[in-house]
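Two complexes, one shared chain (subunit A), two partners (subunit B, subunit C).
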Partner chain A sequence: MVDVTATSTPAPPRRGLFSGNALPIAIFVLFALVPFVATFKAETYVLSLVTRVMIFAIAALALDLLIGYGALVSFGHAAFIGLGAYAVGILGSHGVNDALVSLPVALGISGLFALATGIVCLRTKGVYFIMITLAFGQMAFFTASSLAPYGGDDGLTVRMRSTFAGLPIFTNDRALYYICLGFLLAAYLICRSLVASRFGRVYRGARENPQRMASIGFEIYRYQLVAYVIAGMIGGLSGFLLANATDFVSPAYMSWQRSGELLIMVIFGGIGTLSGAIIGAAAFLLTEEWLSGITEHWKVIFGPLLVIVAVFAPGGLLGLANRLRRMIRG
Partner chain B sequence: MAEPVVQPVLRIEGLTKNFGGLRVTDNVTLDVRPGELHAVIGPNGAGKTTLINQISGQLRADAGKIMFGGEDVTHLSVDKRAERGLARSFQITSILPRFSVLENVALAVQARQGTSFKFFGSAADEGALNKPAMEALDQVGLAARAMIPAGELSHGEKRALELAIALAMEPKLLLLDEPMAGTGHDETERLVTVLRSLKGRFPMVLVEHDMGAVFALADRISVLIYGRILASGTPAEVRADPQVVTAYLGDEME
Partner chain C sequence: MSTSLLIVQTLNGLQLGVLLFLIAAGLTLVFGVMDFINLAHGVQYMLGAYLAVMFYGLTGNFLTALVLALGAALVFGLLLEFIVFRHLYDRDHLDQVIATFGIILFLNQGVKILWGASPLSLPMPEALSGSVVLMPGILYPVWRLVIIGSGLGVALLLYVLVNHTRVGMLVRAGASNAAMVSALGVNIRRLFMIVFGFGTMLAGFAGIMIAPILSVEPGMGDTILILAFVVIVIGGIGSIRGAFLAALLVGLVDTLGRSFAVDIMRLFMAPSPARTVGPAIASMLIYLLMAVVLYVRPGGLFPAKGRS
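After this line comes the complex of A and B, so read on.
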């Protein structure tokens, strides 16, 4: 028998209790089971609510990639959701409904927007980065609002959900649910792989100490730009799904309030954890749904709730859970 | 008889830098020959770190030229100079505190290997990165501490980590900005031993206040005062230079 406690190799770095696979597996199993539970009660309502949660979780994951691993606090991330959604809406209004066209277009447009704006944004830091991403987000918002042929301020109804190679797989609510779950899982795995890869290590290092990274030979700007484009495309994916789930596209999808909500989701759940972004999106949207069912002045309750989390749980819900578990175990 | 012509690894010509009205680097010319350890000494505020920062690219010179390996690098960015083999340590420790000690060094290996646009596969598990990194850690005596977060190292260990990061870059020239700053007596001795073992493998520029270390290690010494080179030569020559003794060494050697 090997005595593992007396090994001479140095101890691995201490990690959070939820850093393993247990939490993400639990999250995805839970999502997969929801439709079965929902058959007993208000199926359409539950499915559409949780579909919405998963779609925003995808966008929140992308934002966590920027904030949690790159310290790039983007206040304009909703723009990418809007771009993805408008790709579906505008193509649909011209009779192009197939996802084989609209999905690559949605990803391409949001990727290009991220590239063009990232080249400028990433030359700034800190508060200036926040302000300039906000500015670009608002630019996208006002551009969408002025698209008179496509509904302008009022938005645009998506008359027909996307098909895939002619098959109407997005039409069934349950099928759409599992498509969203599949994309959420893919987005999660991509982000996770990215963070641990050689690329991710340079990208994370750039947050930690840019001066050191430059002096060992990394031009960190290039790495941040690539991460920004990837995060933008994942945001676009979220928009593509949102347009299909709501059958509607509106400039409100890219408003700065929406960008702020995404930030809250990520911070609420716990930044730099990926799982936290999913939990944050779920917690935000479900709390919002629950409170708005109680009173129309639900924001009066929701606001202080966010303050409480920010003050008493600096690591978000995930950080809070970790601390509680440590307290219980002593 | 003329000296044999040796192409210097680094040649600085007429380097000048002003901070506002203050001239911090004043027409500095010096060269570093292959394999030599060239120390730069001088009192506080003499402009030693400013000089190192201009060589490594953190600061741009106002005038003058920096030739590295026969190439004019005066206008290259920090990362481009690092790619060409210019490594440095910082006077104020500059590491990635939340990365493990091993990862700090493995990143330098990764930079040298030049393949960082890989999006899949865990970098932390790559033997091709970890093995050279462990070797570098071993040389500075940090192998046993490889897995702890770098931020938890003692000050002296952090200084050694800086050195390991530089070693992992397999530099063509190593700039050491006060590697002994703030270390205890034992740690200083250990670092001197490490530096001595590295001598000859690649040329080094050493900025240091510890005169014991400088005179034990340096092949040549340049004395910098008010941004100007006052004297340059072998340790014996510099020690005997009356100008240097009056201006600087007189107090330091006591």
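After this line comes the complex of A and C, so read on.
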């Protein structure tokens, strides 16, 4: 079996526009400005849509940390979103609404789940890793569906959004927007400094050449496990926010289709860039929203669009942008 | 947990297993030989069913519809290969995933536009629509037996083709080292096309055969695709024998699990939690099975590649 992911595209050369901080700064400034623009037109709609984009961007960042830098293609990452969301939902149904409790619980549960499953998953490689993460994702999905006291298949309504030390800061849509933006920025900075750190160099080295890293004396399994747990916790964070944004928790958050969508977002944007994950999440969700406004059969357009990106733009949207730039410069 | 129920459910499990094999066989070969992740394999199965319904509507004869639908599925599969897939063979797996995912979206919506969102049904041939008495007191639908029989027939055919023909030999060689086969002067692209076309046809055949007992609807291929992936991973990618055994295993475990989970859970807990925990455990069983198999044998039961 050829190791499928070890050969996956290396991070594109960091040059020009994308080398420094121009792109991420532009992205975050844009996000920060959206609420001001939104006051002119359809404020609630725009805010909730972009909040959703940022929440999925957080999860996509975590997945990019695994795929882009570790060649660990997880097909069960939605499970962590679900775990974070269910932490809010279940605690809420018992009257515990404070983020000081539910956020640590959400992070802790998803971290523990990542640790327990990571120990098993990281024994396998390539396609087998994809499938075993799918397996654990499905187990989480079916467990959630069987939680009869908490709505089972139907999911459960979050009657009250989280408070922070008693303050209802999540209730206001605009406040929630900026909270999500803050968490997105934090997640981005964490991932970025992680990748650049000594830890990150070992972790990236394990993707390029596991044998060499092992023979230098690194136990790469441990590095990958730590990265897997961190990615899981960031996924849990996005679930925590999602439950607050939608006021609803359902097993559908953990379905394999959702995991697949996350994968598509990351690949669509361009793996191994972090900015690409955010752009991919935005491009995916906004294109979906835009096309579904045009026709109910939007998938007939969106599907071929994905095919075109895959065939003509390896490296996703960022890869495409990089190549266009090089063409223009000659 | 009566014996007759056990027998009936075992047969149902076999029938699911055989169906899974028909889909997984193509998937594992395409994956093993071409190193190509084809998520669109599930929609080929759906397409087979829809084409059969369409041709049945035109001709009114099941057998004619079967033959025409098989041919159409083959043509369509080769067309897809020609337009999209062949540009992606040398690419990263992630590019293949995104492209074939796009095809899934397109085709699922496409059949919705062409045939509507509501489920269709395909009547089974009159002569095979009854039930037979297996044992005193046990009736079993003939059509399910036909599915089991035809699936086993295909398995036998594949066994002969793969193990006792020249093309089969090349396919086996391709699954263990495609680059070497190509270096020895075999037209690997043509081999790919044969394998791909055959796999597509098998998936279409599975869709046609199951159509009379399942509703034909958009998205019917998605769940079965995941199950087929579970099968080929348990069996070991590229191995027909592995796919066959794993398909039967998954079919039996899933079906028997669903029928008896509640009863088994009752042995350990009160009836009311058993009723909620049972189905959840049952749905999880095959994934549990896959996780355990991969934990013990990270390359599946019968890995085709020598290295794994």
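Structural remarks
Quick note on the criterion: the second predicted complex is superposed on the first by the 313 of 330 C-alpha atoms of A that agree within 3 Å, B and C clash if a C-alpha of one lies under 4 Å from a C-alpha of the other, contacts with A are read in each partner's own complex, and residues count from 1 in each chain.
Everything below uses one rule, namely that a contact is a pair of C-beta atoms (placed from the backbone, for glycine too) under 8 Å apart; a residue touches a chain by one contact, two chains touch by 3 or more.
Remember, predicted model here, so these are calculated numbers, not experimental data.
Placing subunit B and subunit C on a common subunit A by superposition gives a fit, with no clash between them. Once the two structures are superposed, subunit B and subunit C can be ranked by residues of subunit A touched, with C on top.
Looking at the shared chain after the overlay, A:Lys299 reaches subunit C, while subunit B stays out of its contact range. By the document's definition of touching, neither partner reaches A:Ser74: not subunit B, not subunit C.
When both complexes are overlaid on chain A, the residue A:Ser238 reaches neither subunit B nor subunit C.
Once the two complexes are overlaid on the shared chain, A:Glu208 sits against subunit B while remaining clear of subunit C.
In the overlay built on the shared chain, the residue A:Ser255 is in contact with neither subunit B nor subunit C. Once the two complexes are overlaid on the shared chain, A:Ser193 sits against subunit B while remaining clear of subunit C. When the two structures are aligned on their common chain, the gap between the nearest CA atoms of subunit B and subunit C comes to 13 Å. Once both structures are placed on chain A, subunit A residues 9 are touched by subunit B and, in the other complex, by subunit C.
Of all the residues in subunit A, the ones that touch subunit C in their complex are 1-2, 4-5, 7-9, 67, 73, 120, 123-125, 127-128, 131-132, 134-136, 138-139, 142-143, 145-146, 148, 152, 256-257, 260, 263-264, 267-268, 271, 297-300, 302-307, 309-311, 314. Chain contact summary for the complex, subunit B toward subunit A: residues 56, 58, 77-80, 82-83, 87-88, 90, 94-100, 103, 106-108, 110-112, 115-124, 126, 129, 144-149, 165, 169. Within the complex formed with subunit B, the subunit A residues making contact are 9-13, 193-194, 196-202, 204-205, 208-209, 211-220, 223, 226. In the complex of the two chains, the subunit C residues touching subunit A come out as 31, 35, 37, 84, 87-88, 91-99, 101-110, 112-113, 222, 226, 229-230, 233, 237-238, 276-277, 279-280, 283-284, 287-288, 290-291, 294-295, 298-300, 303-305, 307-308.
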